[in-house]
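In what comes next, subunit A is part of two complexes: it sits with subunit B in the first one and with subunit C in the second one.
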Partner chain A sequence: MGKEVIPAGQSATIAILFIIGTSLFMGVAGQSGNSSWISIIIAVVLAVPLMLVYARLHTLFPGKGLYDMLLSIFGGVFGRLACCLYIWYSLHLGCMVLRNFGEFSKTVALTSTPMLAPMLIIGLLCVWVVNAGIEVLGRSAKFLLLFCIAVTFLVQILSVPKYDYHHMLPLLERGWGAVWTDVIGTFTFPFAEIVIMTGAFGAFPNKGSARRVLLSSLLIAGVIIIAVSLRNLLVLGPDIVSSLYFPSYVAVGRINIGDFLTRIEGSSAIVFVTALFVKVSLCLYVASCGVAKVFKLESYRSVVLQLGLIMVYMAEFIYRDITEMQYFGYHIYKIYALPFQVILPAVLWISAEIVAARKRKRTAAEG
Partner chain B sequence: MRVAARKSLALSLALILLLLLPGCWNYTEVDDMSIVAGVALDKAKDGKLQLTAEMVDIQNGLEQQSQAGFKMISLSGNTIFDIARNMISMTGKKLFWSHAKSIIFSEELAREGLIPYIDWYSRDTETRSDVFIFVSEEKNARDVLNLNSTTESVMSFELAQLMRDEKFVAGAPVVEIWDFIDKLEVSGQSAVAPLIHVHELNGHKNERVEGTAVFDKDKMVGKLDGKESKAMLFVKNKISEGVLEVEDRTGKPAYSLEILSSRTEVRPVLREGDITIHLSTVTKTGLDEVMNTGGMTQHESLKDIEKRAGEKLRQDMLSVIHKVQREYHADIFGFGAAVHRKMPKQWKQIREHWSDIFTDLEVTVDAKVIIESTAKTSRALKLGD
Partner chain C sequence: MVIYTVLLYAVVALLDPYGLLKRGKKRDFFVCAALYLISFSLAFALAMQWDIPSPSPPIVHFVKQLL
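Up next is the complex of A and B:
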């Protein structure tokens, strides 16, 4: 089978859905209350250099995925170790996202259904799409994104009558300290999670489209997340938002257009499921690719089903309950994720630059 | 080989989905549920909680479409959820809460504090947070729901309908439970709830929503009557429709102004270290009733009526503010929240003892009533010779 290639447009849609995936429903870190939108803006700005680093990696290693880069820079042993770290990270991230969905369906949608059932269904769907190949994922993402944006936009408009602009004031009430804590939280979840995308760089077209893809998807996803969290804030107010597990669900539930258009939160949950499907699929794809690289398998497809099932089961036992999930998500994750998102890629980038510089010097000397 | 594997995978997926897709895990037929229309919460004699649920009777509704049936059921217990579940032992059907529209608390419970009783309602996933909340002036909240036997309609739905049209009356605040909880959580703003009582005149018994229950934290501390409630709604910028009564020169009620729109702005001002609140209200009205002859043109111009109406409104607003300040010490107007928004720095210093400051807060009111139209006729009725 030939090498898979996803066009730039499709990879951007994957990236957008990947970023907005869980944040649409879980909301973003909310220590700073009514100023959280400021911290989202700062987080987006901070994520830009990171995107440039990722994109630069793609230029330095055209046509290679993250694992190839790690192997070629750090050598067989250390490279494999680093690969294992990323396999773990993408597997774990997929688990957390699945679990978010499981908790969501158990808390608000299907309260009597065991959490495993919806997670297994989504998990198997992801196994299917990853098995079919990343091209399929790209094509479905392109279609699903349109749908997601349309629904989000519609809901946004419908909730305008419920906006209470008083919730915005006073600005920066809890000071810059809280804002910066939120910046780190929002930076690691969801924006810098896009590091997973580097695992799929192998499927990118060779010429430098990575920068365009990453930056544009960061921007679009950032705008969507800001819009959604502003809506939650304006409809619910900072105090209520902070007490809810799924603020968007409640905010949408408040919509009442002439006592006729009410209770539409269930339909808006579809957006959550679609975005989450793309996110989990990409995590699964990257984890499978990693396993295939480390063990020198012919194709990643032979491990997709196994990893997918592991992901579902792990999602089942990874947290004890929803409070633990929230604690991990908002307090521990930002520290836990930094090495994968920033430190390792930065080390990789610097080493790659040195190697490239040496190679240039050598060719110059030879020439 | 590959094709075979793929086919078997697809087949097994389809089989698994076949098991799961046909319906929800906990699928229930609609006639296996009791649909709750509303609840009343009382304190039972033994100190326990008593919950009275009004339920829509579906069987009955099928037979005679013209009239909705209802069923009442009461049970006491320690926690609300416990009672709600134990009710199954009386109905044989699971209670379904998503369509509940009203929740009525007895005054006794409200005075003890409502936090214990509203948490379940906002936490549970089946209940919806857009139910209307009431405080009963009757001894028992269930007496209001029991009226359905005389009015022969589902009382809770009728109450919800009543709240939807309450803006035309403006004699009581319209409060949904999420709004109530919001006010409990936000600092610098106290909660209110509409009062409900059984109105009896000439042998007709009807429910009537009039007046306001004033809460300090989650405890009810006092009441405002219908007139005061209207003035309070003016202060809170919650008036959109309603009627303003105006007296004529002799002090006799003679004019009715129909409120077309109204807007109140709250402006906290810092003057020599003290915070004062400045309110300004602009109400646009139409003159809709003149109860004397020759009014409007001969004795009094529209300007006079406007002026008198504005002055009256100003006094009403001031008197309700003073009453709440002096008697209840509960900032139901949200002045604290306004200070919080406009002067976050000062707020930090005073938020701890805001209720003391609120009691002595100086408030100035500026009320302006504008008569924009005189409905269909241009003058008062004349007596011909």
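Up next is the complex of A and C:
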């Protein structure tokens, strides 16, 4: 089978849907109350250097994915160990996203249906698309992003009559401390989660594309998340937003246009399902590629079904309840995810720069 | 539920790991079979409604220790 290549545009759409995936419905860390939008802006700015590091890795290792980079820099043993860490992280992230969807359907949509059923359906859909290849995921994402943006924009416009601008004041009510706490939370979830995308760098077309893809997707996803967070804040107010598990769902439920267009939150939930489908699929793809690299398999497709099923089952028992999910997502995850998102890529980048500099010196000496 | 799980997994075994063996992908077959066993064990435990230890508490404990 030939090498898979996804054009830059499609990679960007995957990245955008990956970033906005859960945040659209779960919201972002909200300790800073009505100043949460400031923390999102700061988190986007802080994520820019990280994106440049990821893009630089792509330039240093053109045509190679994260696992190839780890193996070529850290060697067989340590490289495989690092690969296993990333396999775990992508599998775990996929589980967490699936569980968010499971809790969402259990809490608001399909209250009498066992949580496993909707998670299994989405999980099998992800297995299908990953088996079909990352190119299929790219093409699906391109269409789905347009749909997501259209729905989000429409809902945004329809929410305007419900805006109460008093919710914005007083600015920085809880101080800069709460804002910085939120910055770390928002930085790790969702912006720096894009580290998973480095696992698919092997399918990127050329040297310069990663920087363009990552920066543009960060910017677009950042704008969407800020717009949605502001809408939730203006419609519901900071206290209600921080007390809800799915603030967007409630905010959209408040839309009432002339007693005619009401209760459209169910329709807007499609956006959530669409975005999480892309996010889980990418996590599954990266985990499968990792297993294939570590065990030197002929194709990552050999393990997609089993890894997908494990992901779905793990999502079922990963948390006891929605409270534990919320606690893990907003308090523990920001510390747990940092080594995968910042520390390991930074070590990899510095090591790769040293290796590249030595190679350049050797070539110059020979020349 | 348990019977359905076992029957479903019998079909999955024929399609997935055995299919790889038939195509001569030995290494892929072994890895897939190992993952199949893990996946089947989890599905069986869930069907039996056994308590499966979650990975979250150790992570929470570790992060709390770290801070």
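FYI, the second predicted complex is superposed on the first by the 367 of 367 C-alpha atoms of A that agree within 3 Å, B and C clash if a C-alpha of one lies under 4 Å from a C-alpha of the other, contacts with A are read in each partner's own complex, and residues count from 1 in each chain.
By definition in this document, contacts are C-beta pairs under 8 Å (C-beta built on N, C-alpha and C of every residue); 3 or more make two chains touch, one makes a residue touch a chain.
No experiment lies behind these values; they were computed from the predicted model shown.
In the superposition on chain A, no contact is made by A:Thr59 with either subunit B or subunit C. Once the two complexes are laid over each other on the shared chain, residue contacts for A:Ser209 go to neither subunit B nor subunit C. In the overlay built on the shared chain, the residue A:Ser302 is in contact with subunit C alone; subunit B does not reach it.
In the superposed model, A:Gln156 lies in contact with neither subunit B nor subunit C.
Within the superposed three-chain model, A:Thr111 lies in touch with subunit B and out of touch with subunit C [touch as defined at top].
Residues common to the contacts of subunit A with subunit B and with subunit C across the two structures: none. Looking at the complex, you find that subunit B touches subunit A at residues 9, 13, 16-17, 20, 24-26, 125-126, 128-130, 164, 178, 181-182, 185-186, 337, 340-344, 347.
By the touch criterion stated above, subunit A contacts subunit B in their complex at residues 107-108, 110-114, 117, 121, 124, 128, 131, 166, 169-170, 173, 237, 239-240, 243, 250, 253-254, 256, 259, 262-263.
The part of subunit C that touches subunit A in the complex is made up of residues 12, 16, 20, 25, 27-29, 31-32, 35-36, 38-39, 42-43, 46, 52, 54-56, 59-60, 63, 66-67. The residues of subunit A lying in touch with subunit C in their complex are 92, 116, 291, 295-299, 302-303, 305-307, 309-310, 313-314, 316-320, 324, 327-328, 332, 335-336.
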